[in-house]
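Two complexes follow with chain A in common, the first pairing it with chain B and the second with chain C.
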Partner chain A sequence: MTESNTVTPVKEIDDKGILKGVEQLTPEKIESTILQVLKDETGAKLKVYVDTCVHCAMCSEGCHFFLSMDRDPKYSPAAKVKQTLWEIIKKKGKVSPEFIKNAAVVAFTQCNLCKRCAMYCPFGIDIAYVISVMRRICHKLGVVPLYIQDTAHSHSVSMNQMWVKDDEWIDTLMWQEEEAQEDIENLRIPLDKEGADIFYSVIGPEPKFRAQLIYQAAVIMNAAGENWTMPSMPGWDNSDMCMYIGDYEMMERLKKEHFECAANLRAKRIVMGECGHAFRSVYDMGNRALGWRMPPVEVVHAIEYYNELFENKKIKIKHKFDRPVTLHDPCNIVRGRGLHEMSRNVVRATCETFIEMTPNREHNYCCSAGGGVINCGPPFKNARVASGKEKAQQLLAAKAKGAEVVIAPCHNCHGGLEDIIHSFGVDMELKFLGDIIYEILDLPEKEE
Partner chain B sequence: MNNLDKWDWDTGIKQVADLSAWQEQFSYIEEFRASPDGESVAAIVKNEEMEFTVCRQDFGNDEPETWENGYDKVWNLRFGPDGRLSALVSDVGEWTVCTDDEAWENGYDFVWNMTIAPQDGTVAVSTQKELAYCAVNNDVPWQNSFSRLTDMVISPDAKNTAAVVETIPVLEGEIFKFRKGCYSVAVNGTPWKENFMNAWDPVFSANSSSVAATVRTSYKDYYIAVDGKTWNTSFDSAWAPLFSPAGNSVTAPVKKDGKWYLAKDGDLIWNTPYAQLWHHIYSADGKRIAAIVAPEFGKWTISVDNAPWQVTFSEYVSDPVFSPDGTSVACVFKEKGKWGIAVDGKVWKDRFDMAYPPVFSNDGMSVAAKVEMGGFYHYVLNGEILDSRYKSVEPPLFSHDSSKIMIRGLQLNDWKRDVVAINRRRI
Partner chain C sequence: MYSHYEFVTGPFAWMAFLIFIFGSIYRFYSLYKLARKKDGAVFEYMDLKFALRSIGHWLTPFGSRSMKLNPSMTVVTFLFHISLFLVPIFVFGHVVLWKENFDISWFTLPNIVADIMTLIVICSCAFFLWRRIKLPEVRYLTTVGDYVILLIVAAPFITGFWAYHQFPGFAAITIIHIISGEIMLIAIPFTKLFHMFTFPFTRGYIGSEFGGIRMAKDW
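And then the complex of A and B:
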């Protein structure tokens, strides 16, 4: 362990999004905004949660912040509600700008919305929802950490999270297509192909920083003989930081763009890359905010898709991955969707030696990056990484059993786990499931 | 501008091309495209030099003809309404538009969003050169360029283009500058005087003289702006606006207190609160409006003049279309994982793996749609599935007198054009 486990006190934060946002607040603006959100947008759900809590603190054991911060009570999920919504409700919105500053730090950077605590609450109170309401209030007050606010602005302009321009997106796909043709002659990333079985969607960071994942997906799709497509137009990015800052109007616009992009191309289903938060947005929050009970075009997470490839024997592997692996269960697709057994099927189909980390499946610890926390950027990085101490111990325990590689089928988890592995001297390699599959895929020899 | 009445509407099949000959000739063939009159088929191929090019075969020609010019890359191949064939092509890193094997004079670092005007086949594209962005209409670029450009559209008369542009360059992280408004709509390269936090979905008026768009002036204030001037009323959110085909009034779905309404020039004209309302359309005379609505969460249908159909669908509704006389509306729906067609609230009996936008005949007495079943494409005409099945098929086309339907599709290896008399009309 090399990292300090202290948290930056709220008074010392260096985030212009919050500090300058708070400067522009007045008590009247705070009160009217809070009352509007509480009256028009929350209703019985919030009231039941707040009224039902008996302050038993059983949720504390569910929170990796609490566990990582030496059980400091202020990191207990119930304490985070106390520092935010309870006080707001008690004071009927009459809280100070300083209170909002503190509440913003708690809501945006000390809760990953991972929902683990809900399993430890005897009443199943969804504290992530309560914290989301606090974020919604902060959004309406213009008090949001700078980095994640900027990401939300990118979404609003470009319909993707990384300010990727329309031409840069297409150019990247063509570049990856050319690269993949080095492996497989005439391989295509078919753009805007109407009537495809699969519309493959990714998150903004893939074309920006991890373009090789698009390459790998193209090779896998090609090896499986899929009738697939990727769109040339906005709507290709399934990610959604607007959801996490509480800009639900933009979340709706993003999800409309995404689903209509697939539907207009007459795609049968959307297969999405290995991302957790985007899954939450397309499978739960975004679609439902628009009035769809379920996604209007079937959404298949990469884990489900890979599982299908092996169950239906659509791809062949040369050999199994021969280094011992462990598996991280991302919150949004495990607690949010129950894909944990499916991901284990894929790991067993692809890897020689699988070592479980403990706890696992729906009890797994969050990577500390999710819920938009990593997107709050450098001002909160040290605190975020410190909150991963429990996760580091979990990884080290898996390593002690022989695991050398951590498989994490989620982009945010990768970001968070990279930092934890580096900061706590864990010294394990991190991979996506797609990395493993690509590495062992049996491809025909290319004719020279 | 397609000359529907001048095409060959004699009933019967024309074999346009034997595509097995193409497969022998080319090592690489992309998806086939058919000309509007059905007499030609084309695809992106690789020539003997392994360059990308375009191959086309016209009815009556035994051999396909390949463009003389080959490129490093060709994409977005499409026929215009006049039968001319356009694509985006790249040679040594320079991109341009090529129509019928003739490239534009101007080249760019990238071109995309190729838009072909249905009136005269004019081609417009979005372009980037040395990180300066502008629209180009028929090889004529805007005089101004911008640091960012999205949502390019072409006017009904095909003479104008508009797009959302970044008028004040904003760097990543400049969130407070962003909030002051750095975006607007440019028409033929000239931005509106007003800047907004965001602008989306620009649309021209029927006479091509005005442009409307959805804008956001703060996180919670959404407006419709017309030629830069916002409506007097702001809303919690708003979807794409539309001009009436008759006059210059503008309508848009707007959100207020968590519910959706239809507003006209800033005032609510559909006062029914919907869980969702979007993609409204006008009848040709501008007198009627239809929209996709969710009367309640998870229930979707079509509302015509604010009267929702009785039938609702649980999963999806799309592609509403008025009959030419404005008396009927058809749409696509999805229910229990299968797709179908509904007309005036009546649901066709069959369900499909996929359904495409329905098409009315000129007299409004027939409706047809392309559908997919078991890996093959069919036409459904007035609720009845036509016998023939295709590996690929274009959308249905009705003759001018509404008595026949043209099918353009691929059976086995033959690209065919089949004109069929319509025996059964919808009631």
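And then the complex of A and C:
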């Protein structure tokens, strides 16, 4: 296979964000924008990475795109740098609009920024960082896939990813509170409570599409007897598509809003739902952009929080989940925060049979949806799902060992795995850790 | 012929060593200065313990999953780099020159060992060349410069082997051997060969990030 036919050729992409953006480019604008980004925003790190790479292609084995596309050389991590920053640096920014078009497709839709390749490069070159620089250039040139740009617009207008209006947010919380009262009488989702131990934040898509997750979280918090709160005002959304399009100014605003929201309520710490990219945003990129070495308010990911619940015996379960499960390790909280042993602790505490998929932990294959790729929407869906072939095989191997349920503690992973499971006929059920805990939670008898 | 020999072992050798040393120092200094100005976070997250942990794993043969997946590359790369580093410094013919010119000397490799290691370097270069031509993912990345570097590295060893065994024309080959070695020295600060100096830093940095912040392995 020389030319990949599983991916839409770049000439035929149907994405108005990229196509219209490219139409407006001139060679002068491209050059001055690139030089500005390279000169003002990058330094020795980028230079050393690009100069040190000896073109050995050892990174290829690290990339699920490369493996899924039948080892098409265009998809190796270094090849993506070749199609973007190498050329740009070599030509000192004198590249054509056509080049930018291809570079945008590569940077936004053929790399999940999962950093797996950094573990396969003998030099530990962080290719995800280089690709992020390319995205930053594209953002400044106004060449960004339409769908993800729309979510970024939503962020800048409403401070959440999904155009959720302020009153809709409160309404959703109250609705979920009511639903959860079916399980626990007098259950509350305390809004804007000052000095709570836990400030619970979620991503925009939760109130929009997966509101039941909020009610499940409320039930778990109540069962554990937590002193917790959720904010009624903007700052409730911890997600961040601006980070992925390279709009770092907006990323900073979003993270500031989020941290300040928690700080204003004098919350002891932030607990966040099962999301990966939001964690990257608060723990890695957003805090750094704001000048914080570590997040200014302690941020605890749901996995870490659940692990605490079981370690401190704060919740009881009726019985263990009885169907055999396997566990997917999301990049941003495993390669990003080493939560893989904690997630296994939780799985062992809640499930009867646990079957590892291989490779696992830091070496797990990406869901192909992360890094904003799924957010680039329908124009790139087929290519995205095709690049999950390796993942599908990994899932099928776990299924052959008996696994029936895939636990994926990340929203993006859920989206990606759902598509992979359907397209490749994997036929496994997909769950969050919270789904499992909610299902087996031992709740006090309700007085009728 | 004799005056050529004098030139390449005299002024040209001095120049090669000076360019190598000062060129490398300059490269380093300018990168350090740029990093101080632009990449403050790198210094913030650099952590000696985790840097060494990562470097240690990657300097251990088959110490990473990446190496286990590419056994032939791993074996060749380790033997190649060890030989490439040891032979020029410890081969008897070179130590003698240091002794004669500066009256300093050190341990020397037995001739047969140096000979085998030289062959290892030459065969490794052939392997790398084969990889570049044959494997699609490597070929896609390969530039003319990559072939030139391979030649720059292989040449001193091919000519050294030739001269040592006194194959036909070895007198002229000796001159070429010296020149090619000097070219390699000069090339180090200005080409991809500089990776020998950046390796501890790129590896150390990702090791620090993974170890200290991401709390994950990077091998």
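The rule is short, and it goes like this: the second predicted complex is superposed on the first by the 443 of 448 C-alpha atoms of A that agree within 3 Å, B and C clash if a C-alpha of one lies under 4 Å from a C-alpha of the other, contacts with A are read in each partner's own complex, and residues count from 1 in each chain.
The rule we apply is simple: a residue touches a chain if its C-beta (ideal position, glycine included) is under 8 Å from a C-beta of that chain, and two chains touch if they have at least 3 such contacts.
All of these numbers come straight from a predicted model, not from anything done at the bench.
K.L.:
A:R293 contacts which: chain B (first), chain C (second), both, neither?
P.N.:
both
K.L.:
Report for A:G17: first if it touches chain B alone, second if chain C alone, otherwise both or neither.
P.N.:
After superposing on A, A:G17 lies in contact with chain B but is clear of chain C.
K.L.:
Once the structures are superposed on A, label A:R266 by its partner contacts, choosing first (chain B), second (chain C), both or neither.
P.N.:
Touch partner of A:R266: chain B, not chain C.
K.L.:
Given the touch rule stated above, what does A:F66 touch, chain B (first), chain C (second), both, or neither?
P.N.:
The answer is second: A:F66 touches chain C but not chain B.
K.L.:
Tell me which partner A:P122 touches in the superposition: chain B (first), chain C (second), both or neither.
P.N.:
second
K.L.:
Looking at A:R210, would you say it contacts chain B, chain C, both, or neither? Reply first, second, both or neither.
P.N.:
neither
K.L.:
I'd like to know which partner A:V334 touches here: chain B for first, chain C for second, both or neither.
P.N.:
The second partner, chain C, only.
K.L.:
Which partner does A:K82 contact after superposing on A: first (chain B), second (chain C), both, neither?
P.N.:
second
K.L.:
Please report the chain A residues shared by its interface with chain B and its interface with chain C.
P.N.:
288, 293
K.L.:
Can you list the residues on chain B that touch chain A in the complex?
P.N.:
27-28, 30-31, 46, 73, 75-76, 109-110, 112-113, 126, 128, 133, 148, 150, 166, 172-176, 178-179, 183, 197-198, 200, 216, 219-220, 222, 236-237, 239, 255, 257-258, 275-276, 278, 294, 297-298, 300, 314-316, 318, 334, 337, 353-354, 356, 372
K.L.:
Mind pulling up the chain A residues that touch chain B in the complex?
P.N.:
The touching residues are 16-17, 20, 40-41, 139-140, 142, 146-147, 149-150, 153-154, 156-158, 163, 165-167, 170-171, 174, 186, 188, 190-195, 232-234, 247, 249, 252-253, 256, 260, 263-264, 266, 268, 288, 290-294, 296-298.
K.L.:
Spell out the part of chain C that touches chain A in their complex, as residue ranges.
P.N.:
Within the complex, chain C contacts chain A at residues 31-32, 34-35, 37-39, 41-42, 44-45, 54, 58, 64-66, 69-70, 73, 77, 135-143, 146, 192, 194-195, 198-199, 201-203, 205-207, 209-210, 213-219.
K.L.:
In the complex of these two chains, what residues of chain A are touching chain C?
P.N.:
Listed in rising order, the residues of chain A that touch chain C are 42-45, 47-49, 51-58, 60-62, 66, 71, 73-74, 76, 78-79, 82, 118-126, 284, 288, 293, 334-338, 340, 359, 361-363.
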